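Quick one: this structure, given as structure tokens, is what I'll be asking you about.
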Amino acid sequence: MSTNIKKVAVFTSGGDSPGMNAAIRSVVRTCAYHSLECIAIHRGYQGMIEGDFEAMNARSVKDIINRGGTFLRSARSMEFKTKEGRLKAYNNLKENGIDAIVAIGGDGTFTGAMIFSKEFGIPIIGIPGTIDNDIVGTSHTLGYDTALNTVCDAIDKIRDTASSHDRLFFVEVMGRDVGHIALNAGIGAGAEEILIPEENLGLERLLESLERSRRSGKTSSIVIVAEGDNIGKNVFELKDYVNEHLPFYDVRVSVLGHMQRGGSPTCFDRVLASRMGVKAVESLLDGESNKMVGLLNDKMELTPLEEAIKGHTEINHELLKVSDIMSI
Amino acid sequence: MSTNIKKVAVFTSGGDSPGMNAAIRSVVRTCAYHSLECIAIHRGYQGMIEGDFEAMNARSVKDIINRGGTFLRSARSMEFKTKEGRLKAYNNLKENGIDAIVAIGGDGTFTGAMIFSKEFGIPIIGIPGTIDNDIVGTSHTLGYDTALNTVCDAIDKIRDTASSHDRLFFVEVMGRDVGHIALNAGIGAGAEEILIPEENLGLERLLESLERSRRSGKTSSIVIVAEGDNIGKNVFELKDYVNEHLPFYDVRVSVLGHMQRGGSPTCFDRVLASRMGVKAVESLLDGESNKMVGLLNDKMELTPLEEAIKGHTEINHELLKVSDIMSI
Amino acid sequence: MSTNIKKVAVFTSGGDSPGMNAAIRSVVRTCAYHSLECIAIHRGYQGMIEGDFEAMNARSVKDIINRGGTFLRSARSMEFKTKEGRLKAYNNLKENGIDAIVAIGGDGTFTGAMIFSKEFGIPIIGIPGTIDNDIVGTSHTLGYDTALNTVCDAIDKIRDTASSHDRLFFVEVMGRDVGHIALNAGIGAGAEEILIPEENLGLERLLESLERSRRSGKTSSIVIVAEGDNIGKNVFELKDYVNEHLPFYDVRVSVLGHMQRGGSPTCFDRVLASRMGVKAVESLLDGESNKMVGLLNDKMELTPLEEAIKGHTEINHELLKVSDIMSI
Amino acid sequence: MSTNIKKVAVFTSGGDSPGMNAAIRSVVRTCAYHSLECIAIHRGYQGMIEGDFEAMNARSVKDIINRGGTFLRSARSMEFKTKEGRLKAYNNLKENGIDAIVAIGGDGTFTGAMIFSKEFGIPIIGIPGTIDNDIVGTSHTLGYDTALNTVCDAIDKIRDTASSHDRLFFVEVMGRDVGHIALNAGIGAGAEEILIPEENLGLERLLESLERSRRSGKTSSIVIVAEGDNIGKNVFELKDYVNEHLPFYDVRVSVLGHMQRGGSPTCFDRVLASRMGVKAVESLLDGESNKMVGLLNDKMELTPLEEAIKGHTEINHELLKVSDIMSI
């Protein structure tokens, strides 16, 4: 640890996810541990441009490890997409003596960080905070485990009423480009079928599966649908389609929505956040930049930001098979 | 307790609610306690017509007090609306030696019970099981307290993300005719405004309130909307309306949906269910019929079914004022 | 509302309970609503003596309605038990222009409030915050409903392992002088027996009950024991006693402890806290003093502090019978 | 898949853990999927000796994926430790045409399985079900993730009251030989110090740490103590020791106890259970025996039972450092 870093800034940007507060806490405390000053930037890149800064010490972050959302808040910044905006941001950092940055967020956050770091030479380390688990270079993004449990709990409740009334439910969960939440929460909640962006099983297969499960004695069923399923129909259209083709089913729809982004983080997400914050600050001290910390085979590893935002993590094909077997 | 009742049947009907299993358990065990036989009827009135009966003993209902839904299931029965259907049902009861019935459900269930009891002279006591709390004769219906907590928890999660992004959320909760869930969960979740069927504050007042709260320094807000709000717009239309008139707000919508009906019952609902089950069976033994057990001033009381289904419970006006003050 | 009150102080004292933060929030916002200044006193009476005051406005209490504990903290104050201490406290209030006080706490808090109010003539209204539900003049103290659910949830978990291993568990819950938590959570959790301060059933009856339930086919059992049970043995001694007399049982003990005091308040406790805060401030404006706000028959009512702390609320005898029937 | 296996038995043994029901469900459904018969053995090895068998089909295991404990129950069997007992067990299996076994449990279960399989040549695959995470060959045992969250939630509640009263809490969590629960839940709950079997930091270091944190402005602290901490004192002795040496602390103790073993499994544990059940049955079909399925680098892998029960999994030293930094 031989760099000249004296003052580190931390911010959150993009969609919030459970564990972001725990990650901020970890960055702040790791700074304190290594006798670095720490500055929190409110409202992401926009706050950087507006100089919305706050000095942090170890006590500033007490009682937040278990809170959802991000107390530094997040915001979209059109201005940061312009060179002028970024220059303003850089000047603010410089005036405040900030040497390095920890950026907590997803794709968009990291893209901004790469451009900014390249333009002004300031070291940046990213922490992947998003419930979608769609970042390359980490087996788990921050908030993903919490979201899985939120979805499972919600579907457990829906199942109570589905079972009581012999109903078929289409439940939409988050996941525009990737099906991790749908696939894992679907298995965890005992779903009959799981529709994800990565696989197009087709509508016939869905009907067949529903008919087969009816014949096998199931009296109620849950179908999990990722927002970005590629079957070409949203949950409401799926309901109409099934209503038409399988009239014996009493079909209902539930869109879980934004509650999936909130809630007190699970123990896993709190520990992950704590590890990532330590690794992020210590990587800066090691002279690293433009990289993201991630969990790979239960170790903290660095991945270039460039790679992290390229493409998506692949779905685990073993899980597709498990889901298939479980719904027999 | 001087009646000749020897065998009691119990069933659930209509929309399910948390605590129904606990109520069935209580009916079954109270029968055992008083040395009565107990028969469970599956799938409500339809099961009565089809003779879908099962003998119960005290052990049959173990490990269900904490489970959502109803293990006896519920079903709509068109056939029970006909005289022929009801005769079939009665013959099944008679063949099985059933002397009396405990019916767990809401308005529709009780209406059916009244007609049936009048036609065939069989004693029936009702237990109000519905999350809507819209039954006269009880301060709390079974499942209402659980639903309030489910809604509060969900909005707590939504608030995390609302606060992180300075957003305005319209959250739709159950309540077609009554606003109890919206009003109580709205206060519990710290909502900015609460739109219920009982009050039409008008769209102007909503806009004013949102503008005022923006000026007062609030950066995010939650508006709770009961399904049956009478402002004349559903949550999606409200979103569009506000988007148009208050363009500075980033407005989102969340419809909580059927998860509100499920989940493990709260301690309150489990105790209430246990009390209601005891009271229901002992009322039958006391020669009562065509009445509903209810909680009034923390005591178990009987109300004629006829009254129970007439009109709706009134909203507590003190709560409207509290809500108003809290959102300052 | 014709008093000359301009500035109201609020504090929490004694054991904390879920809902205290929601009550503080309500007091603060009701003051804002009625254009009163509001001062928070940290650490109860001790903070009053030390002048640990903080000005509050409506925004000061955002995002706390759902948090357990009390952000104003609580502390024991030996000094307040002396006349000198109380004089110091009064002078601090005077210097800060405080006209009236809302005191949130239990027996001890109210006793202090009565003495203080009598000595210095400052109006005080109490809000009953304690999980024990042992205050006369309210059907529910703040935090009681939350504690019941915490206990129920914990016993649900213990039951999982009890059922898996055919074990007998003695579970100790809070309640030194009153058995409300034990009795209600015991019914809610489906306990076999419930031992409370108000009833001494005797050890023989316990053994008989356990033997009978064994014979009736139960393979596992939970006995809830209030701290202050008057059977003359604590949970560990009960375990030894049963081990000796009923050797076929594999007996375990669990003491739930302080987790019963914490946690996010239930919807009920949040609404109750909001109502109580409004009523407390408006009662001060109405010229009331030395009274406690309480919930009686679902209405906000005032009770003289003197009566509130006299004796204890009685156990509901109907519940004892329900418990007895349920454990058949 | 070329074996002659036609009928598979499944049982749970040893301490129960959340996810066992989900694993049984997975074994049963994977058998159905591969057209194998499946027999459930109640009460572990004792049930095997007594012939307490039950035929299972895909529908037998509905609605159990989310339930804690094990519906097949568990039991200690002294008889199985004798050759005669095991012979009786084998004869029962043979009479029932059982070709292979899936054994769900921990160390003791696997030791029994190894001896039995060697004696009678029947193929056995193990699934590691225990909350302690002390089995070699899997990064996560079934139930461990759920236990972490149960512990975190309980400490969150204790923290509410600790913060409100400026208290120091010693919280005892499970872990006789390994500190995984203490270390992870301790980080997750923001504990000040974590005492585990793998490290003896000494009492002086504990006092120093508590004094330092007091000076740094912390007003309350939580110390997590694994049952098997090797500091030579249990939580009650630790309390007395600290009371004596740091009299300014108001010290309390909480023993979380058996609730740690129960509860609805997390999404992670449900998915893990589902994967393990599939892998266990398919491994039998592949001709494997005397092996345990485990999760290694997010893949299902086999480890010889002999290795699985040898020694313990090591503590992650990165986490010790993270814990140290976080408590600054």
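Here the chain labels run A, B, C and D in written order, and each chain numbers its own residues starting at 1.
FYI, contacts are C-beta pairs under 8 Å (C-beta built on N, C-alpha and C of every residue); 3 or more make two chains touch, one makes a residue touch a chain.
Chain identities (UniProt): A, B, C, D = ATP-dependent 6-phosphofructokinase.
Every value quoted in this text rests on a predicted model; they were computed, and no experiment measured them.
K.L.:
If I average the CA coordinates per chain, which chain comes out farthest from subunit B?
P.N.:
Looking at centroid distances, D is the chain farthest away.
K.L.:
Report the inter-chain centroid distance for subunit C and subunit D in whole angstrom, where each centroid is the mean of the CA atoms.
P.N.:
About 35 Å, centre to centre.
K.L.:
Roughly how far is subunit B from subunit C, centre to centre by C-alpha average, rounded to an integer in Å?
P.N.:
28
K.L.:
Quick check on subunit A: which residues sit in contact with 2+ other chains?
P.N.:
156, 159, 163
K.L.:
Building nodes from the protein chains and edges from chain pairs that touch, which of line, ring, star, complete or other describes the result?
P.N.:
ring
K.L.:
In the complex, go through subunit B and note every residue touching subunit A.
P.N.:
On the subunit B side, the touching residues are 12, 15-16, 18, 20, 67-70, 73-75, 150, 154-166, 169, 219, 252-263.
K.L.:
Quick check: in the complex, which residue numbers of subunit D touch subunit A?
P.N.:
25-26, 29-30, 32-33, 58-59, 62-63, 65-66, 139, 145, 148-149, 151-152, 156, 159, 163, 184-185, 187-190, 216-218, 264, 266-268, 270-271, 274-275, 278, 297-300, 316, 318-319, 321-322, 325-326, 328
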